[in-house]
Amino acid sequence: MSIWEFANPRKFTALSLKILPTLVGLSAVLVLGGLIWGFAFTPNADKFESTVKIIYVHVPSALMAINGWLMMLVCSLIWLVRRHHVSALAARAAAPVGVVMTVIALFTGAVWGQPMWGTWWVWDPRLTSFLILFLFYLGYMALWAAIEDTETAADLTSILCLVGSVFALLSRYAVNFWNQGLHQGTSIPVATGGRTVADVYFLPLVVAMAGFFVLFVALVLARTVTLIRERRLAVLDAQEARA
Amino acid sequence: MLGASDLVVGRGGVALLEGLSLAVGTGDLLAVRGPNGAGKTTLLRTLAGLQPALSGSVDVAPDTLAYASHADGIKPSLTVRENLIFWADVFAAPDGIAPAVAAFDLEPLLERLAGRLSAGQKRRLGLARLMVTGRPLWLMDEPTVSLDSSAVAALAALLQAHLAGGGAAIIATHLDLGIEGQVLDVTPHRAQGRTAPRGFDEAFA
Amino acid sequence: MIALLRRDLMLAVRAGGGFGLALAFFLIVVVLVPFAIGPDPSLLSRVAAGVLWLGALLACLLSLDRLFALDHEDGSLDLLATAPLPLEGIAAVKALAHWLTTALPLVVAAPAFGILLSLPAPGFGWLVVSLLAGTPALSAIGTFGAALTVGLRRGGLLLSLIVLPLYVPTLIFGAEVARRGAEGLAIGPALPLLAGITCGTLALMPFATAAVLRRALRG
């Protein structure tokens, strides 16, 4: 069986509805578990005191904000190459979830930054990049909303997503060049295998990240199913109007 | 000159017209009739290659046709001559604008700004624009819109001259232009929703 | 393609929209800045380079929404699409026409407006250089945005929302060159990076624009 079979809207909907309750439950357990573990059962750090604990919301949401855009990019490519409607709708569904994650990351960052750096906002490269990512999300969603015909909208937003990804990446490096930052380095360096976060904080963080990931998947699936049904209603309406 | 068989056209993934077969040769006029919203414009745009057919194929050499939507594509701030020269250059027309100017009696208007022309003169310029492309097959979408009856008669005469000169035309129109030619009534071809368009999954419907 | 360029330039000159409006807008932005931040020459001279870049960038946006919209409304774009010109060529010519009619006058006027903002003397040359190197990218990106919104109602506002984030890298490097020039610092890698973005944009954007146009014409 090929994975592309799930590009059939009916199969996709059936499978999604079957696994959605599990996903929602799992994400609730993981997010709550990670947060409670993190907030209540880890020590305060010397330098950061209790403020460090916002990391359990901040890092996972930031991760999902970027993943949301990556998912849009992959789905857009699949739509452009293989013309699977579900893929186009999934890209559309990921955008609002991604934008909310971006806002959460920016907000928690500001709340954390206030006691740490003494300011709600600085034009640090990481913060600035997220703000720019937020603007890209807005443009993408606005274009989806402005075009009535779904296929046209899917094509045009996919191309915008490809072009936007290139410019988002360029902006990322341009911003680095433009201002050296205050923000600490990444919390989870993948390549080196080393960690900048101590073990006591790291484990609940991983749990919270897994929770946010499952939550992201669940939200995107639910939204995609809604969009599929919306699309189906539109087709039925069109058929009825012609009959 | 242009042929199509078993053509299905539509927009937004929904088929509008199906089972269309047509053939247009030199000197032919094909009038496409049908109620508003039936898909006449979509059919013309598909024939012109501006949008893909949902199924079936259009057989036409790429450099034989020129498509005119119901707007006449005239820039009011350019003179008649500048408007025509532009299209002649874009289509790399070998004869330039002289034959079209003569055929449509535009000589006295050449230096006039297109925005100052009367409606009938604009229509003549709009047709001359198609002629300077040097393309023999004209696809015209509702060319009679906003024309009075004498202008329609003039349009018919001009079209007849084009056909007599080895041209051909496919026209979507409500009015009978009084020219001998084929008539394609699209009403019986309106899609009943049976045809699943390309790439459109049955699960949506 | 030359015919298309000639026609677009002629239309811009006759209608007067391109040159005049963008320049006037640029001037007004520059005049408003001292009202907003105060007339202190030392403060103005510090922000002059950035303000001039930002003003030029915003002025570039003004005429974008008419780039394809007029040709789309009057049916010219349909006939152009059946012409022997590739849509990629049409996209490139449109970007070039936009640059010549809108951006180039801004580049020429920028030093004069620099006087109003007490731009330091070494900054004038670098301002012109950076604008010359950066504005072609702005035109090419803007053409892409104009193609995306060609048939849409409220296209103008949407166009700004889509295009402005895409302008970020160009603005960063362009303004950096102008600022460093004005402060008498070494220009460093900003200028080659700016030129690189412009070259890459000019090479690739016409293809994206043509893909979008082809799709938008399907209606």
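By letter and in written order, the chains are A, B and C; residue numbering begins at 1 in each of them.
Keep in mind that, in the parts below, a contact is a pair of C-beta atoms (placed from the backbone, for glycine too) under 8 Å apart; a residue touches a chain by one contact, two chains touch by 3 or more.
Keep in mind that what you see is a predicted model, and the values were worked out from it rather than measured.
Measuring from the mean of all protein Cα atoms shown, which chain centre lies nearest?
The most central chain here turns out to be C.
Please flag the chain sitting at the greatest distance from chain A, going by CA centroids.
Computed centres place B farthest from chain A.
How many angstrom between the C-alpha centroids of chain B and chain A?
That pair's centroid distance is 48 Å.
Please compute the C-alpha centroid of chain A, do the same for chain C, then give the distance between them in whole Å.
Those two chain centres are 32 Å apart.
Where the CA atoms of chain B average out and where those of chain C average out, how many Å apart are those spots?
36
Could you tell me which residues belong to chain A and also touch two or more other chains?
152
Hunt down the residues of chain B that sit against at least two other chains at once, touch-wise.
11
Counting only residues that touch at least 2 other chains, which ones in chain C make the list?
218-219
Along chain A, where are the residues that touch chain C in the complex?
Answer in residue numbers: 132, 135-136, 138-139, 142-143, 146-147, 152, 155-156, 159-160, 162-164, 167-168, 170-171, 173-175, 177-178.
Which of the residues in chain B end up touching chain C in this complex?
It is residues 11, 42, 45, 48-52, 63, 65-75, 77-78, 82, 85-87, 89-92, 129, 133, 135 of chain B that touch chain C.
Provide the residue numbers of chain B that touch chain A in the complex, in ascending order.
Checking each residue of chain B against chain A gives 11-14, 190-193, 199-201, 203-205.
Looking at the complex, which residues from chain C come into contact with chain B?
Within the complex, chain C touches chain B at residues 2-4, 6-7, 10-11, 14-15, 73-76, 78-85, 217-219.
Would you tell me which residues of chain A are touching chain B in their complex?
Chain A reaches chain B through residues 7-11, 13, 83, 85, 149-152, 228, 231-232, 235-236, 238-239, 242-243.
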